[in-house]
Each structure stands twice: as structure tokens, then as C-alpha cells.
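Structures follow.
In the two complexes below, subunit A is the common chain; its partner is subunit B in one and subunit C in the other.
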Partner chain A sequence: MDSSVFSFTPLPADFDAADALRIAVQPGMSCRGWPAGAGTTALENFTALEDAFVIQQLKQTGMVIAGATRMSELGLGLTRDTGALAVTDGRADAALIIDYLGEARAAGAKARIFGFKPSWGSVSRQGLTGLVPSMECWGITGRRILDIQQVMTAICAPDDHDFSMHPGPLPDFTESHQFQDRAPVIGVADGYDASLTPEEIRAWKSGLAALETAGCRITRISLPDAALFSLAHHIIASVEASSSAGRYDGVRYGHRTSASDNWNEMYLKTRGESFGTLIKSFLFQGAYFQFQQYATFEQACRLRGLLMDQTLATLSELDGLAGLTITDKADPVAAQTIDHTYQAFGFTLPASLTGLPAVQIPGLACHGSKDFGLHITGKPFKDPDLLALARFLENMGNTGGTP
Partner chain B sequence: MTYEAVIGLEIHVELNTPTKLFCDCPNDPGNAPNTHICPTCLWLPGALPRLSRTVVEKAVTACLALNCTIQNRSAFDQKVYYYPDLPKGYQLSQHHHPLARNGSLDVDTGNSVPRHLRIHHIHLEEDVAKLIHDTEGCTPVSLVDFNRAGVPLIEVVTEPDIRTPDEAMAFLKLLRTRIRYTGASECSLEKGSMRVDANISIRPQGSTAFNTKVEVKNMNSIQHVGDAVAHEIQRQTACMEKGDPIVLHTRLWDPDKQVTTPMREKFAGPCVPDPSVPPIQVDDAWLAQKKAALPEMPDRRRERFVTDYGLARDEAGAISRERDLAEFFETIAKRYTHPRKAANWIISQLVPALRDQDRVVSQVFLTPERFMALLTLVDTEEINAAAAKAVLVQMLSTDQPPETIVDTHGFRQVSDTGALEKIVETVLTGHPSDVEDYRAGNPKVMGFLMGRAMKAARGKANPKLMKEILTRKLSQ
Partner chain C sequence: MNFDQRIFCGSLNTDHTGQHVLLAGWVDALRDHGEILFIHLRDRTGIVQVVFDPGKTSPQVYDTAAALRNEHCIRVTGTVIVREPGTENPHLDTGKIEVAADGLDILSSAVPLPFPISEKSMMAGTNEAGATDSVNEELRLQYRFLDLRRPSMQEKLFKRHQIMKCIRQFLEDHGFYEVETPMLTRSTPEGARDYLVPSRHYPGHFYALPQSPQLFKQLLMVAGFERYYQIVRCFRDEDLRPNRQPEFTQLDLEAAFIDEEFIYTLFEDLVKKIFAVGEIQLSTPFPRMTWQDAMETTGTDRPDLRFGMTFVDATDLFTNTGYAIFKQIVDRGGCIKGINVTGQSDKLSKNVLQNEYAKQIVPGFGARGMTWMRVIDGRLESNIVQFFNETEQQQIMDRFNTRDGDVLMIIADASRHTVCSALGQLRLHVAHRLNLIPEKIYKPVWVTDFPLFETGADGLTSCHHPFTMPSATDFDPDNEEQCLALTSRSYDLVMNGEELGGGSIRINDRTLQNKIFQALGLSPQEVRDKFGFFLKGLSFGTPPHGGIALGMDRVVSLILGTASIREVIAFPKNRRAFCPLTGAPSDVADTQLAELGLGAGGPDQSVPGAAPEADLMETLSWVSRIRVSENEQAAVCRAVTDAQTMARAMESHVGNLQDRDPVYAVFSRTGGTREGTRPQQHPLAENRDLLKNAPEVSGGYFKVASILE
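Right, the complex of A and B next:
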């Protein structure tokens, strides 16, 4: 059954899940027998042959896969995405949204609910139709941090099918992680507000005040090269996408062009007809760096390492690094170009580039009717601590969620 | 002007692991099309590669056999090219950080000093699918068989040290022998488990410049490599002498016409690191284990066979070329009093018999113990050499000791003097003019008469005794 929220669901609208959590997924996440076109013509006839590891884990813990939402092409950006809507409309308790730039967190901010991105390597990517292998992960949006914690408890487990998972112990969400015995220490980058609009500054100050009211200790930190996160992300992600998207040739299970003189022509035409403008732009940009400016790609990789080192050094003294989730400059739901997309996700993409866990908290960084979302980045593989901090703030203040 | 060739080889070797490189599908590309496939080797959306530990172990062993330095850290890249045999658009290959570097082989080319030919690096990569061009009615169709997709390969990339077709062939033969010794691959160009591309350029003799090279593909035997390289040297030399420029491109060897022809290029781009396959980390202790487990290599074994068992160098070389044959020989040589006789029997009788059956010694019923028993039957004159050859052939496919075969088929030698004298008399009576010829002073007739006598005895006669009787009767 299709709806404006779901592109596919096997459940009736009045389905009663009893106490089970209902999870919405994107059609780029493999659910056996479900359409898995990932929002692209290149895969429009592809049906998943097996459940993704994450889906298996959710089912094993008794959760119900409520349906597949609509999604942007291959999950890049949020145009057409209905994951957060599935939650706010009450069709699901949590929605899984593939996260390259901060899609799950930005979707949460737009819908005034929570959004979370786990550490890269803590959740198996098997069954995820991705575009940027070194950044993609299963993002989660939900009304309550508790629901996100429950989802993470189910899906954060070793999987022999994903060799890129963290080789050490994975985060343990069953342990108690609380901030009752000490004040959480939250870092704020020097000069962070320099690029904010007056309205954003007021919302930001409101967010900081809410953190202090909740008992957090705010400390100033230095991230001298923070302006380079977006550049490094853009170059690396587009190159990875340009290379990896070859898999989605369209020929085998998606749209195949009707006329061509030979197979090379057929492949070229099929790809040309299969991808939308945003993805094509991204792939062209990546191809440019890959084929014409490879040294720049290598520099971007080195820059990524530098930014990672700086961020980790900063986080060593903190419980989290705070900022806003979305900006007024570009709307993540409406961004139609790569430039706008990068502007819209400018606050969330550093966590994607560095593979760190990050959470979007609604209701704290507001001004007037606008909620820009409070974004906190955590330490690597300390995802349970970060969610505990979010829950602490959820319980202490008016975050808009349901405590 | 005299030119010299500058030749580098790129050799793909298919590893004989039970499974493919990144999934658990059987590594058996020869089966019915598209039967050994899964989401990973079909590269369906959401499938992830899982690196096989066994592949890495076999690859490391092969690299050690080629005297390479194993790198502590190697990693896979996405090698982008678009062609229907690679529908996912990239091949996982170790472009930036190969598994091994700086190898070499000392190749015997008939000169007093072996040629030291260097290997630049060896990397792991997955094989691509196989294209089958067919027709459906009158419509030409191209089909894709994914059984081969994901089969593990190592690619050996040499330095441009090779100068002649003979050196290229000698290098390939030694490389094949050494890798076969490790058990990592059969290395058969004919069966496709080894594929060779040659990069060839020419320059004036004495120059150190590297000129524009031409790559030659599609060579299905070591002899084809030699022929193709020789042809390409001739072709380029003719171009240079005419003043035609050498253009960087790829050519195909046509073994029927004995020429190279230009081929269409595949589009290929730079390699991007693949984040889904973690880097291979090799620690010193593990590597030390692998080095210790490396079998004795054929060239060293050849020298030892000369020293330990008194074989001639060429005999030792022939015996040590294949590991199982060398081990077969050595098991015998340690217990049998005439090792060189055993070597001669292996080279002159066993190896041709195996070749006739397209098998190797480990695939037949013959054991070193049974082979030794056969030689002992010859030594004790229980059977003669002709009978032993016939018994040997039967021993390859029959699970029986030689004594049983000898008795069952009546191969036992006849040494009964009375019986042999009767045979000789019959032969001499039947060939009076030959007897007269011999007695008139033509000794060559002896061979003819001996042959007749042995034939009359159905090959079972003791030849020494038979000859004594024949000589005696002829002189009477």
C-alpha cells in the first residue's frame, strides 16, 4: 500500500503494533522482497533479495518495519524525503535515513524531532545502497531519544558481512550512561557565531543558555581549520560517489535505454537517462577531481586526516562539541544544487567527514517560531554517552520531544 | 642502426583458492554459466566485499616464492573502467599499496651467468566477468557469465629488464615453476589460469632511454609470448627504419597469422581507495611463519639433487621442475640404491606416460614404493625393460603393486635356456640369408636377428641370455 509518506508498506493504515517500535526505512535499505530503487531511475526495478543486517536485527528484537518512505535520489540531500514525516505523522516511532552529510539530523531539525548519526563502523552497512562508502551510515530520527537508543541497541552489533566495521569492541547501549554525578562539558568553537545570521545567533545563544540551565559547563575551544570541513567533504564524497556509482549502471535492474547502436552507447545513454540533475552534478564534480585533479583529491584526504586529528584532540577534554543543526541560508529539504546542499548541511557534515557520532536535539536552539536544532558531536564510539547526554537534555528541558 | 628491445611483463595468475576473493562462492569459473554467484560477486546494491584470508595467505606465499618483500600494509582501490565484463564500473585492485614489492628471479638463459630480472611489485585483484558473444537467431547477442567475477588474481609487474623473446619465455617458465611449487596456482596459460601482457619498446643499442611502448595481449602459451614479442620487435624496428612514429596503444596477438593487430581500448581512470575492504596488515611473526613454511624452490632443489644423488644438471633440472615429481623422486632416492637410474626412468618413461594421460604424478595410483618395486624387478631380472615399461603404464591407472600386474599379465621374464635355444634355432632357420650375411662379416645383422628372437619370445625373454645364445649359435 502506498501513501504520501510511504512508497511501499505491507501494513494496513490501522495496523496495531501493540508495544513494538515501528520503524520506517528508506527504499535504499534492503528489506527482502521490497522495492529497493533507492529513489533513482537507475535502480527502479530492483527488489531486495535479502534483509540488510540492520533490518534482521530490528526484526529479531521484535520491532516492526512499518514501510519504505520516499527518498531523495540515492539518499543525497533531503528533497522528496518523508522519513521524518513518517515519525511526525505517527506512522512510525523512528525512521532510518541514510546519512552522508547529516540528512537524518537535518531532517530531525526540520521536523523538530531528534536525529542521530552513529559512529562510522559501529553499524553494519550491509544492505545499504550507498554512494559515499567512507561516510555513509544509518541515521535515525525519532520523537524520543529512548526510541533511538532502542534502535541502536538492536542494530549496533558485529556483522561478518561488513569488514569495514570497527575492529575493537562496539558501543554498548545496554550499560547505564548517565550524567547525574557531574556536569557535562560542552565545547563551543571560537568564532563559531561569526558566520551566523542575527536570527541564528539569537537561537544559538538560546541553545547555549538552555545547556547552561540544564547544568552543562560550556567551554571555548579552538578549531582553526573548521572552515575546511565542507571543502574536504565535497571533494572526497564526490570522488567516492563518482567511482562507487558505477555499480548503479541501470542496465541490469533499472532503466535501460530503449535504443543504442552498441553496448558502449547503451551504457552511456542508460546512465545519462537514469540519474537526476543533483546526482549527475555530484558525479561530474567527483569525476573532475578523479580524472583531472587527482592530486587535489589526495590533498583533501590528507586534510581529512588533519581535521580528524584536530577534532579528536579537542574532544578529548569534552563530552560533546555543540553547534546548530541547520541554517537559514539554505533549506536542506529544498536544496536542488550541490552548492545549496553543501550550504544546507554545513553544520552537520563535519561529523560525517570525521565519522563521529552526532545528535540533533530539538527545542533548545530556537528563536521565535524557528528551531535551528542543537547539534552535538560526540567522541568516537562513545555513542551511548552521547545519547545519554541527549536524553539528559531531553529530560531537563523542553526539547519538544516526549520525555 | 642496431636496436635493442625493452620488455616488461604483466602477468595475471589465478589463485586456486576454494572460494572467490570477496565472497564464499566456489572459485570454479568453468562451471555452467552464472551458477557460482551471489549478491557480492554480482555487486548488487547493498552487497559488501569480504576479503578471504586464504587468498591473502596463498598470495603471500606466491610473492615470497618470487623473492618479493611483503608490505606490512597493503590496501584495495577502486580501479575505474567501463566495460560490460565489469558492470559495477570498477575493479577492486591494489593500485596504490600493493601486497609485495621488489622481487626478482635469476633466469638461466644459457649463458654462464644467469640474468637477474627484477619484479617491480605484485598486487591482488579480482577477476572480471566473462563475455560470451553469440547469436539468437540472426541477432548477435553478448552474454555475461559472472562465475569468473571475483576470482582471485595476483598481478606480477616486472621492471623493463627483459631484452629478448627468449628471456621473456625463460622468465615466465621460472615464474610458473616457482608459483606451482607453492601450490598457489596451476599457472596454465593454455587453461587461462595465467595470462600475460607484454609491454615492448625498442631503442638504439646502448641507449638508456625508454621509448613509447606498445602493449600486446591475448597470448595463450609461453611460446606465443615469445613469438608475439619477436614479431612486435620486428614491427617496431620496421616502423623506426621507415621513420613512422611508435604510438602508445594496445595490440592483440593473432597466433594463426603470427601478427599483432591494434585493439580497441577500454576506458580506464585513476584509482580511488576503497573504504569497504580494510587494509591488509601483515605482522612479522605471521610473515616469519609463512617464510618458514615455504617449500624448497626448484633451482635450489636442482643443485641439491646434483650434489646429493649424483644426477647430471639437466637430469636434476627435469626432475625438479614440478614439485610433486621432485618429491616423488626424492622419496625413492633416499631408499633406492641407484638414484640416477630412478631419475632416468622417471624422465624417460614416467614423465612421457603421464603427459600422454594429461595427468601429474599426484593424480595417479603410482606411489614411490611401487615405482621402487618395479625398478627392483628389473634389477633382479624378474622382468625385462620392455615389460617394465608396459607395467609402468598400467600402474598409473591400476591400484595394484607391480608384482600383481606382472603375474596377471604374464610379464615375467623367461630365463629358461632350453626354451630360449629353441626360439633362436627357429629364428635362424627362418632367416638363412641373414645368417649367411652375418657370418660373412656384417655385424649389423645381429640386431635384426635379436629383434626377431625377442619378438618370437613375445618380449618376455631375458635379453642378456638371449643375446648370448644367439651369438653362440651364429658362431657355430
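Right, the complex of A and C next:
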């Protein structure tokens, strides 16, 4: 049955999952036999032929796939996404949201729940309909860190069908990670608050105060080129999108234009009808860099290396790097243009560009009635430590996310 | 420099042996044979080999020769000598001789070439060069001046010139005047979109480039010239097609006090003459076919008569048949027609007929299905033959005049139009598939008596144009049925399935012309607005007249057998109506737009890079294979502008990134091979589940549109 939350669910509204965790997914995540249109005309009427690796893992550990939510086209941005709503409405305990720029974390912040993005390469992307291969992740939103930990325990496993996974050992979520013996060290970039609006500064200050109250040690670090994360992300992601959207050709699956005289017409019209304006704009930007300005793309990739080096260097002394999750400069659920989308996700996209784990924590960085979310980026493949830190902050009883 | 004594390369032969000659042209090819240097010198008449022997030429000349590169423009003096036996070059008309150089000037050097130009091998026994066919056409068009240096391209344009000359001579001999008509004019109703030219003196007003000189040539008849022609450029802003140009050349002709027979005879003689330029002999008179017959026997108004398989109507054979499908169609007033693919039963198996043609191909042509029968041992064989009794089977064989090995493909439908249209496409499909179309055969045919009107979205429209004389004049313009039954005194010249030209006898009576406008639903006001000047002309004693126009690019292309019409046009646009040589169409300065009263901007609001050029958007649309609709254009344009800004921002960070390698992923991983598994087909491919999500599948494959050209 359908609902405003779910575009598809096999379960009745009053389904009793007993003790099992109920997981909402997006229709861009393959569940065998389910519609998997990924919110795009390019995949209209697409039915998943098999379970994604992640879905198999969830089912194997006894979790229930509660339904497919609604989503923005191919999961870029949050304009149509109902993942977090599935959680706050009590239809699911956790919702999986594809994360390119910080979608899962921002969705968490908007809904005042937790959001998490794992290290890139720790979870198999097999069966995930994505757009930006070098950044996209299975993001998770949930009311409790414990639920997110359970989901990660299930899905963070080697899969030899995804060659892009990390070749070394994957994070082990079954080990105990706790902050009881020592104070967590949280880094804050120099000059971070200079970029904030007055409202944001107040929220940020309350977030810092909460961290200190919880017993964290705040330390200043330097990220001299932090202003360039968005530029690098935007150029690289658009190029990857332009490339990887090439598969939506209306030949093997998805929408095909009703009338075309020849092959070229078929492509031009099919793809013209397949994508919405936001995705089209993104793909045209990517095509511009790829075909007209390739040096810019290579330059952005060099910049990505520089930003990764700077970030990793600061993280070596830290347990996490903190900031806000969402901004009041642009709203992630209302952004209609690529420009606004990048503004809305400005705080979360550095972790996507660098492939680092990151968590959104509700209830700490608030001003007035508005919760901007506290965003903490962790060390590569130390996802369990980051979730333990989030659990530590959750247990301070100040997060408001626990019912 | 004195070129008075210059001799053309191509004119040299053994008669010149021993003569001292002055040659000038381009270096077509070079060969360094140890000490001795050979070059092919090319001018517009041909190629001759020039030899620089260090033992015989001065060191200064030899050193200059050693510096020669392809396509340097040079002047050479030397003596014509007969080549040593065994060194003749059979690829050259001048292959028996060569020129021993004693003088050389480089008139102008050439930078390295974007593609090879030489078409003639320097070596006897090797294949001719001419690898330029594999050069990307965009590149050829971008460097068209080099492309046109190739002898094969020069030959095509020379032939085109000869054809045009032949036309002019012929029409001169028949008393026609060449009169020029304006390029800047008012839009005329030809059905396609006009190219508009804004007027500076009348801001907001536009000239139109002519789609044809139709009204002017009729006015020339009113003016009493009696016989007019013009080889004229016409312009149509139509949808892009691979073999279509936004501007094209037309032989336009009109004559007074004539009838159809005059046009037929004149044009048959003319067409015969111009095809003879390409050594193609046509026999006259050309056959004629009414539009009705063409549709009934070939399903198209452009019948390809190079092969048979014309339609046979068999509707009457099945009035009492036991085959329910045919019976129903006959009872509903439908039509049953077929073609006899003679002697091809070996190539058209049951499987091909039933699973490909009946189930896939013919439904794609718009018919519900197809019935097929093969003739084996004097009997019909088919999956439905048992439904026909002995008499019917014999009648079918008689009607289609069958012999053993024949295959009948029959389409039945309640709509006669559907039957003819689908069968026409099937006829061509089968002919192409089985290679039944003979090459180098030219089958002209006049298609005549087109319908005068057809039904459009808003009532009647003219099939040709509203000035075409109807076959009958006593019709009621308000009676649509009666109007639709009218034929026109029009004719198309069709060859090998292509329309080369067409025309008609025109209306020369104002009252009749008004009736036509009335039938077309045009109000007197609209008529005055659109054709006022022309109708005024019609009112002053217009002679009976008629004419024809011939698409010259297509005709020349057909005569020379080129792959596209671009091959016979010196500076064509590409298939996307863009000129890679000049970059037309291009954007213009805001000041120019402002002068013309165009554009929202104006000079003050122009910002460099404010909007990506239409050109860039078009390129990005093409490389992305994404068409952007008009209502999205602005948003996507803005995004590309943002991207341009980002590219500039990125440039300012070049400094501190120089020594770094680009990072394409957050960690690198190589050698991703799964261990312990054997190569195998994916189970989803094996059980065909992969096809389940496909929009169109045919016989276990993904089906796609055909690749045109």
C-alpha cells in the first residue's frame, strides 16, 4: 500500500515488527520485486531484479524492510524525500538515504533525529542507484544511535561484487567503543564562525557549550582551504554525474520517448524527457567541465587531494571535527537549483568529498526553536568510534531525539 | 613573378618530352628516395611527378626542395622527361613522364595539415591513397578549403558547374530568360518556417528569406515574360535532417500559355541532358503515374520503380472466405493487398516471416499484422493456408501470378490507408534486406494528379500550395467532402524513390483563387494581409501559366552518386545546420541587437560571459545527449553560467596545486578480480530477466531506433 511517507510498502500500516528493526529505504535501493524508480523518469517502471547487498544483509540479520519512501530525483537533495518522516512518523526505526552532499545528515537535522554517513568504501554500493560514484554512500537516519549502530553492524561487510570497497579490514561495530575513560577531543576550524550568520553563531555557541558540558575538550585546528570544499565537490560530482547518468539511455530500462526517427533522436528526446531541471542542470555543468574544460576537472581533483590531506592531518589529533549540520542560508528541503542545493549542504559536503564518516546529532546546536544540528566528522574507517562518540553525547540526555 | 608560360600539370604528356616548362601548384606528396627527391605537384588539372636530383639540380634548388612539405604552394621549372621503364605510375594520367626540376620557388608554405589531402599514391603497384573518406566530416567542413583541394572534391564541383551550365544553355535554347528575384522579401506560404532578417529601419519588422520565388515567378508571368527561369538559393528553417540543408539551390522555372505536356517534354529533355553529364543515359518519355495509382501500387507518392513487388489487390478474392480475419475485414469494407517477393523463399524462412515480419516489423509500420504464404511445389504453404479452400488457393496463386519459390506478403486492414502505407514500407524493407534494388539504375517517373487538399489540424490545407490549379473548378468551397475529392494539376518528378522536383499549373483567375482561399478557411482580411500584393497582380489579365522547381543539390548528388548532398556543395552546413568553418550561426554584439531593436538587454547590460552562447548550450546538449525544452532553457543556461564562473575560480588556484596528482577516489584500489570463480553468464542475463525492464525488446534483444545514414 502507498502513503504520503511510502511510495511502496508491502506491509500494512499496523504491521507489528515485534522486536525487529524496521528499515525504510529509498526507491533507488534495490529490493527484489519492488519498484525502484529512484525518483526519476529515467527509471520509470523499473523493478529491482535482486536485492542490493545491503538489503540482503539487513534481511539476514532479521530486520524488516518497511517500505520505500519518496525521494528527490536520483536522491540529489531532499526536496521530495520522506525518509526522515518515515522515522519521525513511527513507520520505521531507521531510514536509509543516499548521501552525496549530506542528504542523510541534513534530513536528520531537519527532523531533529540522528543522521550518519559511513566511510566511503566501508559499505557495498552494489544495488544502490547512484549518481556520484566516488562520494555516494548509504546514509542512515534514526531516532537512536543504537539503531544506526545495529544497521551498520549488519551492512558493513565485505562484498566482492563491489570492487570499489576498501581493500583493508572494515570497521568492526561489534567491538565495544566507549568514552568512559577519557574526554573526547573535538576540533573546531579556525575562522569557522566567521562564515556563519548571526543565528547560526548562536546555535553554534550553544552546541560548543553542550559539548563542553558533556566533558569534551575543544581544540582549535587549521583548515586553511575550507572555503574550497564546495567548489571541488561541485566540479567533481557534476562530472561524475554526467558520466554515470550516461547509462540512462532508454534502451535497457527506464523511460523511452514515444516517437523518434533515429538513434540520435531517440537519445536526445529520451534523455530530454528523462531528467528534471535540477538534474539536467547538474549534468550540463558536468558536461561543460568534462568536454569543454577538462583541465578544471583535473584541477578540482588535485584540490580534492589537498583538502583530504589537510583534513586528515587535523583529524590525527582529534576524535572528531565539529560544525553545524544545516545552514539558514538555504534550506535543503526547498533548494530547487544546483546553486541553492550546494549552499544548503555546505556544512556536510566536506565529509562527502573526503569520504570520511560523519554524524549529525540533534538537540545540541539550537537557537530558539531552530535546531541546526551538530555535525561531527570522524577519522577514516573509525566509524564505530564516531558512533560511540555520538552515543556518548546522546546519553548526556540532552539530545531530544530519544522518545 | 611571371606565370605567362605556365603549363597545367594535368596537360603534360610524352609529347612534351624534352620541353622546358613552368609549373605551379601544391605539393601533393613527397618521397625521399635516398638522394633523389620526388614530389607530386598538383594543380586543378592533375598531378605530375617532379624530380630533384642532387647530381643535376643546383645545390640551392635542391636545398629548397629538401625543405618542401605537403601543401606548400610552389613554382617549378624543369624539363619533361620520359620515365624509366618500370617506374611509370599507372595511377597518374601523367604517369609516363616526369619533370626534372632546375628551378623552385616556395610561393607560400603550409603549416602541418589537419588531415591528409593527397589521393594519389606515388608508388606504382600500391593502392590509391584516398584515405580521406575516413576523415571526420566535421573536421573536413572546418577545413573545407583544404578538403576542397582534393581532386575528387574538385571533380564534384566541376561536374556541378557543368550541370548548371548545361541547364542554362538548354533553357537559353528554349527561349527562357534568367531573371533574379529578391532575397529579402515577405514571407510566402510554403509551409516551412521562414528565416527572418530584422530590419534596422523598421524596428520590430522583418524580411523573410525566400522559401522559393513562387509568387515572384508568377508575377513575372503576369508581367509578360512568358518564359522565366532562375537557379536560385532558397531557405527553409525546417527540423534537422541528416541530408537537409537550411539553404539549398533550386532550378526554378515558369512559363505562360502552356499546359502540363509542355513541362513534361521540356523537363524530360532537360533532365536527360543533365544526367548525361554524369554519363547516365535516361530514356524519354518518362512514365507517368497518378498519385492514386502510386499510392495503390507502392504505398507512397515517391515510388521507387527500380524493382518490382508492386501491390496486388486481392480484396475481392476473400468475400466468402473461411478465414475469419480476412472475412471480417472484407465485411467492414476493408482492403487486402499483397506483394509477391518472387523466388525468395530460400531467404525468407517461416521463422523470418512469422517471427520477424508478422510479429515485429510490420506492426512497426502501423499495420496489425501480416499474412504470408510461400509457394512450394505448386502449392501454397503457410500457417493459415488451411483456412482457404482449393479454389481460393488457386485464385490467390493466379492473382499474384506465382511460381515455385515465390513468397506472398499480404496485409489486410479495415483502413485502406493503413494497408498501403504499411505495405509500402514493407516493400522497401524487403527490397533493401534482400538486395533487390539494382545499383546504377535510374527510374524517373512523373507522379501526377495529387489531391488538391488534405485534412489538417484546422480544416483543409493545400497539398502543394494554394495557387495550384484544381482539375475541376465547379466545386463548392464550403463542401469539405467535395473539396477533398478534388485533384490538382500538379506533378512531381520522382527518381529512385526520391522527389527531385515538382510543380503545377497555376490558377490565373482571381475568382477561382478566392474560392480556394475560402475552402482553406482564410478570411478575406487574412487573404489581403498575406497575399494582397499578389492577388492584385492576378486581377490584371494573368495568362495561363505553370512551372516547376528542381532541387539541384539532390539532383547533382544523385547524378554523381555521392553519399550526401554536402559532398556537392562547396561550403555546406553540417547535419545540424551549423557551419564548422565560419561558426555560423554565431552570437552578435549587443550593440547590433540594440540597433535592430532586438533583445531584452541592450549594450549597457552586457556582462562578459553573462549567458553561455547558444552554441555552447547546443554542444553540451549534444554531448550529453539531452534535449532541453524551452521552459527549462533559462535554468540550465544559468547552471552553465555558474559552471563557467567555477572554472574561472578554479583557475585562480592553479599555483598551490601544480605538484599534486589528481585524486579520483578517496583511496586507490587496483586489481579488483574475484578469486575462485569461473567466467560465466550472469544468471539474470541467462534467464532473460534483464530484459524485463526494457522499454522495447525484440527477439531476445534490446530494441532501438535505427541509425540513420
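In this section, the second predicted complex is superposed on the first by the 400 of 403 C-alpha atoms of A that agree within 3 Å, B and C clash if a C-alpha of one lies under 4 Å from a C-alpha of the other, contacts with A are read in each partner's own complex, and residues count from 1 in each chain.
We adopt the following convention: a contact is a pair of C-beta atoms (placed from the backbone, for glycine too) under 8 Å apart; a residue touches a chain by one contact, two chains touch by 3 or more.
Computed from a predicted structure; not experimentally measured.
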| item | value |
| --- | --- |
| Joint occupancy of subunit A by subunit B and subunit C, clash or fit | clash |
| First (subunit B), second (subunit C), both or neither touched by A:R247 | first |
| Which superposed partner A:H255 touches (first subunit B, second subunit C, both, neither) | second |
| First (subunit B), second (subunit C), both or neither touched by A:A52 | first |
| Contacts of A:F163 with subunit B and subunit C, given as first, second, both or neither | both |
| First (subunit B), second (subunit C), both or neither touched by A:Y294 | first |
| Contacts of A:S134 with subunit B and subunit C, given as first, second, both or neither | both |
| Which of subunit B and subunit C A:E265 touches, first, second, both or neither | second |
| First (subunit B), second (subunit C), both or neither touched by A:T354 | second |
| Subunit B versus subunit C, judged by how many residues of subunit A each one touches | C |
| Contacts of A:H234 with subunit B and subunit C, given as first, second, both or neither | second |
| Those residues of subunit A which subunit B touches in one complex and subunit C touches in the other | 46, 49-50, 134, 160-161, 163-164, 167, 246, 249, 251-253, 263-264, 267, 287, 290-291, 301 |
| Interfacial residue positions of subunit B with respect to subunit A in the complex | 39, 43-51, 78, 80, 82, 84, 87-90, 142, 269-270, 272-278 |
| Interfacial residue positions of subunit C with respect to subunit A in the complex | 616-617, 619-629, 632, 635-636, 638-640, 642-644, 646-647, 649-651, 653-654, 656-657, 660-667, 669, 672, 674, 684, 689-690, 692-696, 702, 704-708 |
| Complex contact set, residues of subunit A against subunit C | 45-47, 49-50, 120-121, 134, 160-161, 163-167, 228, 231, 234-235, 238, 242, 246, 249-256, 260-269, 271-272, 275, 277, 280-285, 287-293, 296, 298-306, 308, 337-339, 354-355, 380 |
| Subunit A - residues contacting subunit B, complex | 28-30, 36, 38, 43, 46, 48-50, 52, 125-129, 133-134, 160-164, 167, 239-240, 243-249, 251-253, 263-264, 267, 287, 290-291, 294, 297, 301 |
